[in-house]
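Both of the next two complexes hold subunit A, though its partner changes from subunit B to subunit C.
Up next, the complex of A and B:
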């Protein structure tokens, strides 16, 4: 076995099928999409080389920047809530509930396995205002407040999207960070306790520094997932009302597939890719030093 | 720095990259075709939008009767995709030369016109003349198709709808309201309906188009039947004062609360429900609503419902007799897959579809020359279609896909005051100018 894995020809031979599939399925479409940014047209009417026109249009397109800012607002807020609340849950599992946390973990994780569209439909019903009030509006009316058309205005629709996506994903981050907390050796915690560290001071000086690697990993997972948000928003609000909850992904989808503008759609996709890359590099750079030492 | 081992590695790596490239190209080359198209299709595949539940039952009745012979030669196979994906699916198939023999038009007429322009569709003027069936399609339906799809007769009217305001005759009688003939009369009735605790107009802001239909029909009455053709031709802008005035008139209905408090979130079924349960005396809709009016969910009773044309606007250039009309999502035939057997199907459909559909209570653009026992309100629609001499389209009919989408998604904001009429029309005009 050792001789096979030490033979470069064997390695290449074994890797070739996977490399071939990866190239055809992943790399070729990426390169193709990149190439399309320099063209305008559609498969039906044919493509025409347009140079940097799509990039000039991107800079001048206010709808792109509206979608960009929605994406940034959504990604920052949801990432913070997902990781911070997920961290809170993980601390709860590890230090308060301990071995009896299994039931709570299962219950909190349950929304993660539900299909996004089903969750969106559920939230549509919960926050419904027409033709009849949903659960939330009934609650408001029962305490003497007015019913709110939650999905009828951009601000309230944004709030519903954030609540829904945090509810849907928080169980995943709770479990992810919990698994990181399990790696903190009990001896260190015990030693700190013997040295007098308790509560906030134990958390601040021992638990937080030692859980930073898993927190960074969670931030990278979360920010990349939230920047690419599509299905939940599409199913809940369709990007509306108007374009007030349209993320870049949805604008890209509409541009390419509904407006048949594949070149410009690819340019928006490139902007999205660059966003993901820059943010991931930024987080990696921040976590470059060995914080566990 | 190059080492002996790295040099040894370079050659095989180049070989692998070459192999990968060839493989990718081969696979890319193989990706075309398929989809049931080709010069001699082995089946009569019909690709339709999943939401269309009316065409298939009629085709099923044809294969058991008049078109049994055609079905034996070339069996009918129906496949569906969601309407929202239809345009993209058709484009993909067209680019691969794989369009099926018959398929529904996508949601945006401009896309259908592009297919026709690219020569991908059968010219029915010629094909039906060759088959001796040209007179089996109603002239009004052909006229609507020509207006919609770039001037040619490349689509078949499997549906034919007129639009107007459907109203609850019982509520009108109880309140002593006459059918309004002018916009001012209509607004007066709406005010009295609101005062009586009703939602004057049931409309789905979630869909958007039931609201933009009001803007366009107002325009057809005020500016004239060519109001939106002028916009499509670049001779007028939606931001011109007379166009903004139409948007302002509809926005004002919203400002008065005539669409109810939660119009933005009301979906199309909810809007039907509001009307069919007697909570709203009026709804602007196409004659496809007949299925709901004649169905079991109508608590008011079909006998208590009727419709009137959108009223005239004082001093306007349009006429109350010009009905907005459409052909639903019509179907078309692929030019590439049009074989002798497919032509046999076309002839059979042209000859028999109108009568078969009428037996199912559907009104189409195919000529129906056999008697059918229709409910009273359906008969009234059929008579109106038969006697109507002039028609107009709808707000988004001639717009590119982007403008159409922006118009629908922002309509609710217009009637809830979140967008001014100037802003709304400006947004749509901008999308027309930069498709």
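Up next, the complex of A and C:
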């Protein structure tokens, strides 16, 4: 039967179109972009070979490192919050609400599907301080505190971005981890209970160890996404005030499309890709012992 | 089993533990549900309230929004904000553009991706593991890495004035996840089914269209849902390739509208956001179970 499954005509006919589109539009540009890192200029002004100048500039550019650290800080914090709070939600769904959790699950998942730009604009208004207070500041004033110019300072703008992105994604991680918890066989939990494990000890010795694979998968998925954060920051703060909330993705976009510096833009994109590569290597290594797929 | 794990998710570690059983058991159980109920109430509040807040503010006049507390109901219900918002935000154009971009991309993506997933999983040939890995590698490539060459190419051949580049880009960038998910789904189907089809005289290509595709109906819907949200909500590629006003997708259009007009005229801005969000919410209400499962499957397989 090997010969039937090795039908050459079928292989070519079914595989080639996808492979062609993928090669021309994804793989070739990656190679081309690698080449661009040795040039400066743009399609409008023309390109000029500049050797390793872009890499030297990258290392000396404090704005790149600010963006890099913003990306790392954001990715680590948001990933932690997404996975930990998502886990809390999943436990709530699975052990407290059980069959009646459908409504809560559906509601809490709402924000996941909403367009990022729309949510960002909404959050701009919720955290607004001028010309009039938004909802959050009204709340602060009502309990006797001062209103805060949330998006006017780097630290508070960072807080708003984190709150918004956690709000947007938490239902998703709740569902993701919940679907992992469903795979834990009931008999194991039952027998642990018969052996006297309850509450915290049941959680620590049975539930937590058995949900490690899905937690790990969520963690990897989350960090891979948060490193590429672009839409929400771009629409919420535009990277500001100043460049205090600019991740690498946005810095790259600015460099290329506002300052028309494609060569340097590609170099920044390369740094971002290397970050993703390192994380993806973790995915490959972990997927071997991943039992959740 | 009674609710022995009830409060694990919400109780602080130092909270006193109530013993089940005994006389006060029922009361204790009732008490122990309180943190859980509070958590649920809190969750519903933080999920639903921002959307409700947005809705009531979409119906206010500017002076109402600026002078009164934003959580108050509108002084007068300005439904005409929706008309103004729809027109000034250019929504009829941007929604049409988003549809023009999203659906052809989805169709291409599903057909090409399913065929490739079938070829890579069911058919046997040398190098298929390598090709699958090559596709898989695409999952990690950030858009920023490919956007400059693509824009340069589109600029050179003069294709920046149409939505065609976006359709091709969304198709290509969705392929890694689609191919990988499809290959995974085909793994669950016994080879014998396809072999049997060939005994009846069908070629493997025909077996794919006659048996493979129909059997994948659910998988295709799942993948299409995952990709729909990716494409519909994309901002990076849309900013670059649909930056001209007549090409704006809904995301770019909304962003421009907010920048030009929305900082001074709140009601119509909120109305435009409501329309954008409302359409997606409606879709979600119809398909919520499938969307939740689909997105989660996409994450685990991706």
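One rule holds for everything that comes next: the second predicted complex is superposed on the first by the 269 of 293 C-alpha atoms of A that agree within 3 Å, B and C clash if a C-alpha of one lies under 4 Å from a C-alpha of the other, contacts with A are read in each partner's own complex, and residues count from 1 in each chain.
The rule is short, and it goes like this: contacts are C-beta pairs under 8 Å (C-beta built on N, C-alpha and C of every residue); 3 or more make two chains touch, one makes a residue touch a chain.
Note that the coordinates shown come from a computational prediction; the quantities given were computed from them, not determined experimentally.
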Report task. Check whether A:9 is in contact with subunit B, with subunit C, with both or with neither, and answer first, second, both or neither. Result -> both
Requested in this report: Based on the superposed arrangement, let me know which partner A:257 touches: subunit B (first), subunit C (second), both, or neither?
Outcome: both
Query raised in the report: In the superposed arrangement, which partner chain does A:28 touch: subunit B (first), subunit C (second), both, or neither?
Result: both
Requested in this report: Look at A:241 in the shared chain and tell me whether it touches subunit B only, subunit C only, both, or neither; answer first, second, both or neither.
Outcome: first
Report task. Could you say whether A:45 touches subunit B, subunit C, both of them, or neither, answering first, second, both or neither? Result -> first
Query raised in the report: Touching A:130, do we find subunit B (first), subunit C (second), both, or neither?
Result: first
Requested in this report: Based on the superposed arrangement, let me know which partner A:149 touches: subunit B (first), subunit C (second), both, or neither?
Outcome: first
Requested in this report: Using the touch definition from the top, say if A:104 reaches subunit B (first), subunit C (second), both or neither.
Outcome: second
Query raised in the report: Touching A:228 in the superposition: subunit B (first), subunit C (second), both, neither?
Result: second
Query raised in the report: Which of the two, subunit B or subunit C, is in touch with more residues of subunit A?
Result: C
Query raised in the report: Looking at subunit A, which of its residues have contacts with both subunit B and subunit C?
Result: 8-9, 15, 19, 24, 28, 43, 131, 257
Requested in this report: In the complex, go through subunit C and note every residue touching subunit A.
Outcome: 1, 3-10, 13, 17, 20, 36, 39-40, 43-44, 46-48, 50-51, 53-54, 57, 65-67, 69-71, 108, 112-113, 115-116, 118-120, 122-125, 131, 134-135, 137-153, 155-156, 168-169, 171-173, 175-176, 179, 184, 191, 194-195, 198, 203-205, 208, 229, 232-236, 239-240, 250-251, 254-255, 258, 262, 266, 269-270, 273, 276-277, 280-281, 283-284, 288, 291-293, 295-296, 299-302
Query raised in the report: Which bits of subunit A are touching subunit C when the two form their complex?
Result: 1-2, 4-11, 13-15, 17-19, 21-22, 24-30, 32-33, 36, 43, 88-89, 91-92, 95-97, 104-119, 121-126, 131-135, 138, 167, 171-172, 175-176, 179, 190, 193, 198-200, 202-203, 207, 214, 217-218, 221, 224, 227-228, 230-231, 234-235, 249, 252-253, 256-257, 262, 265-266, 268-270, 272-273, 276-277, 279-280, 292-293
Report summary line: subunit A partner, complex, touching residues on subunit B are 5, 8-9, 12-13, 16, 19-20, 23-24, 27-28, 84-85, 87-88, 91-92, 94-95, 111, 114-115, 118, 120, 205, 260-267, 270, 273-274, 400-402, 405-406, 409-410, 412-413, 416, 418-419, 435
Report summary line: subunit A contacts subunit B in the complex at 8-9, 12, 15-16, 19-20, 23-24, 28, 42-45, 128-131, 149-153, 238-243, 254-255, 257-261
